[in-house]
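In what comes next, subunit A is part of two complexes: it sits with subunit B in the first one and with subunit C in the second one.
== the complex of A and B ==
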């Protein structure tokens, strides 16, 4: 039994991403969407924290490509360990997990 | 409980009056209570501010909905999980929260507290045990 967590706010504006990561369990997935995609970029004040979550803890960290593209963030800016998915990948994640939790 | 009963968790992470989320969550809980599901509420991050004692909205022109939490027991909503770390980060303790009681029909209608203080790790387990999580 596992959970897909979605985060749609910038981690520089709210604590939603940090709270999400603190409540995710091994086997869960965290998908950054909408303004949440700013959390997937390298070279920020939060990169180390998010990269650490992506490396350890058995949590898959994903980012929605179309929301990155819309904001002018190219694939080269994505943090190591974060997997970029398209809308079909979003659907796959929703289907693979038992529940979805939105961190608004 | 029959097989068609699902576990619903209402996840509350917003303070009460700055946005409409908290009031809307409470409205949905009260409506949803009519459907005989297994309902519980979680309060974490700024959501813990929803349950503080002594709220007085007379001078801001909006309804003080905090007393409504005390009616949830009558709708068989008897589990309000509050995250300890979220309280502590905000300088709050369980004593700062209003008393919310329910009558336990399985225990000769004894009055019991609805608020259950849980750790962050326990909150993660509670989320993981649900069929449906509704976020506000």
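== the complex of A and C ==
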């Protein structure tokens, strides 16, 4: 059974992205939305850790593009290995996985 | 596929009511069904018809009411959360001896049973909150 995890807070404000990445299993997807998109940016203190999660463990790491744009973060700042999706892509991820868990 | 959606954050707080709205619009556009949205905790405040946001700004309540009208979505407000926050329909206002009600078009007040039912009757439950 695979899970879509959504994280909507910045990893610099709460520990939910880290907890989520630690709990996610192979086959799962982690989608950063709202302020969570700060976790998908390159060149931060957490970039290496998140990029490593995106490379290994069979977890798909995604970011919601419209929320990046809303915060002035252009597509060029997305970490390697993190896939940008729009709302239609968000819906597809929710449909593709067996359940959705919001890390609120 | 059928999606059930929960909104548990108030409007104009962070983004939950907006993200949920865009998610539902995208799900419907992709041919999925969204039979019900359940508004819980501060999310119940989305359903007041008395909010007057600036005219050049989105009106979150009107967006939801219009979506419900166009697509027949059941917008349910949790009664226990609603009573604590001054959200009353006509019947509840009368029952509680209040002089006004404030529920917007397309929204209705009901109980947690509707959340459980939505969980049973849909394929996925997606939560948006704080």
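In this section, the second predicted complex is superposed on the first by the 104 of 104 C-alpha atoms of A that agree within 3 Å, B and C clash if a C-alpha of one lies under 4 Å from a C-alpha of the other, contacts with A are read in each partner's own complex, and residues count from 1 in each chain.
Basically, contacts are C-beta pairs under 8 Å (C-beta built on N, C-alpha and C of every residue); 3 or more make two chains touch, one makes a residue touch a chain.
Small disclaimer: the values here were computed from a predicted structure and weren't measured.
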**Item:** First (subunit B), second (subunit C), both or neither touched by A:8
**Value:** second
**Asked** After superposition on the shared chain, which partner residues are touched by A:79: those of subunit B (first), subunit C (second), both, or neither?
**Response** neither
**First (subunit B), second (subunit C), both or neither touched by A:99** = both
**Message:** After the superposition on A, what does A:66 contact: first (subunit B), second (subunit C), both or neither?
**Reply:** second
**Asked** Touching A:91 in the superposition: subunit B (first), subunit C (second), both, neither?
**Response** second
**Item:** Which superposed partner A:22 touches (first subunit B, second subunit C, both, neither)
**Value:** first
**Where subunit A meets both subunit C and subunit B, residue numbers** = 99-100, 102, 104
**Prompt:** Of all residues in subunit C, which touch subunit A in the complex?
**Reply:** 1, 3, 8, 14-16, 19, 22-23, 25-27, 29-30, 32, 123-130
**Complete:** subunit A contacts subunit B in the complex at 1-3, 15-16, 19, 22-25, 99-104
**Complete:** Per the touch rule above, subunit B residues touching subunit A in the complex are 11, 13-14, 21, 44-45, 120, 123-125, 127-128, 130-133, 135-136
**Prompt:** For subunit A, which residues count as touching subunit C in their complex?
**Reply:** 6, 8, 33-35, 66-67, 86-88, 90-92, 94-95, 99-100, 102, 104
